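Pasting the structures in now, so scroll down.
Next come two complexes, and both contain chain A; in the first it sits with chain B, in the second with chain C.
Here is the complex of A and B:
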């Protein structure tokens, strides 16, 4: 079973990439997309599979260095990671790899080596570091024909075959074939500029073994760390003294609060790095006199936590009002029934009744002061935000 | 549109060149970091959130008192100055200035940069 190793993408692809399938990362120029293929091969290795990397735009040595940059030690997998060197002969350097394409501008030579490799290797994850480079050297039509046959042979030999492809201005026909026909799955990787959010996203354009889910996800590339899903803003709101600041601190890897005399007068801000997600958390004040700030802070939120003190139902009216102030309706939001450790704390079901909200609104039990339920709540909200399953 | 971010980075790079400016950032009104030039990158996101809250609070305070929207917020400490100014409805710009440079030129350039940022994000 092969996984991409890209957070959330594997879920969206139905868990994994079945044997025999081909997948292309269709990358907009200028976006850090080639790491996708790298992350996929590394994920294969740590799940004790075999990996083959076709290095066509840089030398295998540079690719090994890239693995290191991302904090991925491939030394222990020496026997399971094979390189095809389709680069060094371009610059006149002899290759030290088992497979080398000596004439990388000649598709026949490529064909010969790749087909031999596909036939000789045990079922593997085969990753082309840059299909576009091969296309530039060998021609568009020629390369497309070659890819057709590689995909077929890969299928016969139970490989999973993965390509990084940078969508330079090739002919419409070529780009169409790549987006629609040539591969079992197409993941688009691009840049996004929406209002004040500038970043990079990926999304599934096609995956013929599973119901396709058209949902784009923001990501960031970390060195070390690799691809992480990026959630620029999750808002934590709720009435005075509910435990918002405590929650932000217990969830975050690092956080700061502007509290004076025991209450938040401006904002809590934290950063969470958890299970492949990188999220920034914005906590609001709770008291009514800070409503303008609450409104300000909650703009552009991707999801909301509404924290309530489970021993204090008198504040639920205010809590509900805060959902309006933060424009939560229409956004993914969940209610956190905090202070579950205290005697007399209402159970989530009781709170849900009192709130009188639609059935699909979730109320989760947490005790922010000792972190109970905190990460579970985070996962539930993240699932809602990323349309997870 | 994809290049907007590069243009914003250029505005910030120019601002950073002004004498005395140690760091600067473009931030959305609601506290998201758009881009920053600063040493301590790890703090950039929090810094952005704080700056937006500061300016937002100042604007609310003065407008409620019928004194109009402030041109900028200047925070002075022994070791430097922090200046935040609105840059149109979507963004703001914030600069960190050392403690011994006169603010005249900085404020002038800040106004120009804010105007450019505003145009870029329209």
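Here is the complex of A and C:
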């Protein structure tokens, strides 16, 4: 069983990729998708599996360097990581790898080397760095036929075979075969475009071993770090002096506040990287005179933290009012019962009763000043935002 | 002032505006001065027209590109420049990315080159709020050398489309005489116009086709460092030099 190592994708795939299966990352041109194959092979290696990388658009040396850029040290896995060099002969450089395709524009030569490797290797995760490059050099039909036979042999030898494929404007027939027929699973990796591409997402188009979940996840690529799910906006709101700024600062890796006389008058902004997630956090002011700003800040939010002071139930009416202002009833939100370390703090269950909220609304205990419960709260909200998978 | 210009007065006057979203091929034989024309368009765009310029270099490392401008006393505003270096890694040299340099793994790696182009577009358009962007590819001939015409066509099909969508300008260099005429005709389908450069008896000529109702005259030009100076026009097969 193989994991992709991409946050949430493994959950969407039912936990992992079963042996013998094939998977393609179907990548929109211009989107940083080839890292999906790299992250899959690296995850295999650190989980004691064997990996094979077919380098067709650049040399194995450059691929090793790419691993380093992502902070993934593959040196300890020298014996478990094999490269097929299908690049160097294109530029007339001799290969130092055990497996080399000497005529990368000849599908027969490719077939010979790949089939030999599939038969000789122990069960491995085989990643094709760029199937589109092979298709460009060897032809669409020829490559498709080869892929059919590689997938079959991989199944017989218990490999998991993974392809990065950039969906250039090939023939409709080719694109249709790739999306619908050739592989057990298809992961679409695309870009959100409005004049330029400004966001990237992935989602499952097909996975024949698990129920398909129609969900797209935004992601960003970090060097080092690899793929992290990206939540562009989480809003932290709540009454005056509930501890919103403290919460933003204690959750964030970096944060800044616009304060006057010790209270937030415009915005708190923080960024959090945690367990494969990357999120921008925006805190609103609490005083009523700033309500118009709260509306502005809350636009396009993906989730809301409502922070309340557990020792000050008088402010709960105001807190409910603020939820309405942020229009959060349609959005995933949780209530943070802050200042749990202070005497007289109400328990989350008591606060829930006072709020008279539906059962599925969670009230979580936190003490933002010493970070108690803040990351747990973050995880719960992320689960809600990403559908709880 | 128009958003996009060649920065060569006589050519700009002859064609009027270059429309937003245009894709232009510069084609000419080796040593005819077309690279210098491309560099001139880059410099003019960034310095005089306040545009962001992305240059994909498949023949010279990014450091050489900057050296050329320095040697010719052309200071580039780095915040508006993005170079995609496709060669340094191929020749086995260490390559480090910087704010204005991105490294693609090889000229074969069109996927990687495409990603870097998109990243610079996002950076200029979304983060730096520079809406006028020029994409220069120097050169398509090298890309075709490492792959083939269909592959480069597919790549260009995507990115000429993006240029149109973004209201940007794309300028692409092609070596004349290096490819089948058939291939050039195939590529031409993707472009709105061409800058043709030729050499006759050691005299350089340039003209623009497709960006105005009819092709411009051939202009005789000379190169002085980084400067392109138009000396005259060729009318009815005869050179007429301007009185200066």
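In this text, the second predicted complex is superposed on the first by the 384 of 389 C-alpha atoms of A that agree within 3 Å, B and C clash if a C-alpha of one lies under 4 Å from a C-alpha of the other, contacts with A are read in each partner's own complex, and residues count from 1 in each chain.
As a convention for this text, contacts are C-beta pairs under 8 Å (C-beta built on N, C-alpha and C of every residue); 3 or more make two chains touch, one makes a residue touch a chain.
This is a predicted model, so every value here is computed, not measured.
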Fit-or-clash call for chain B and chain C when the two complexes are aligned on chain A: clash
A:130 touches, of chain B and chain C: first, second, both or neither? second
Which of chain B and chain C A:197 touches, first, second, both or neither: both
Between chain B and chain C, more extensive residue contact with chain A: C
A:271 touches, of chain B and chain C: first, second, both or neither? first
First (chain B), second (chain C), both or neither touched by A:292: first
Partner chain in contact with A:30 - chain B first, chain C second, else both or neither: both
First (chain B), second (chain C), both or neither touched by A:300: first
Residues of chain A that lie at the interface with chain B and also at the interface with chain C: 30, 191, 193, 195-198
Complex contact set, residues of chain A against chain C: 27, 29-32, 34, 57-59, 61-62, 65-66, 87, 90-91, 130, 132-133, 136-137, 164, 166, 168-170, 191, 193, 195-198
Residues of chain B defined as touching chain A within the complex: 1-2, 4-5, 28-32, 34-35, 45-46, 49-50, 52-54, 56-57, 60, 90-91, 121
Chain A-facing residues of chain C, complex: 89-90, 92, 105-106, 108-112, 114-115, 117-119, 121-122, 125-126, 146-148, 150-151, 154-155, 157-159, 162, 165-167
Chain A residues touching chain B - in the complex, by the definition given at the top: 30, 191, 193, 195-198, 232-233, 256, 258, 266-267, 269, 271, 280, 282, 292-293, 296-300
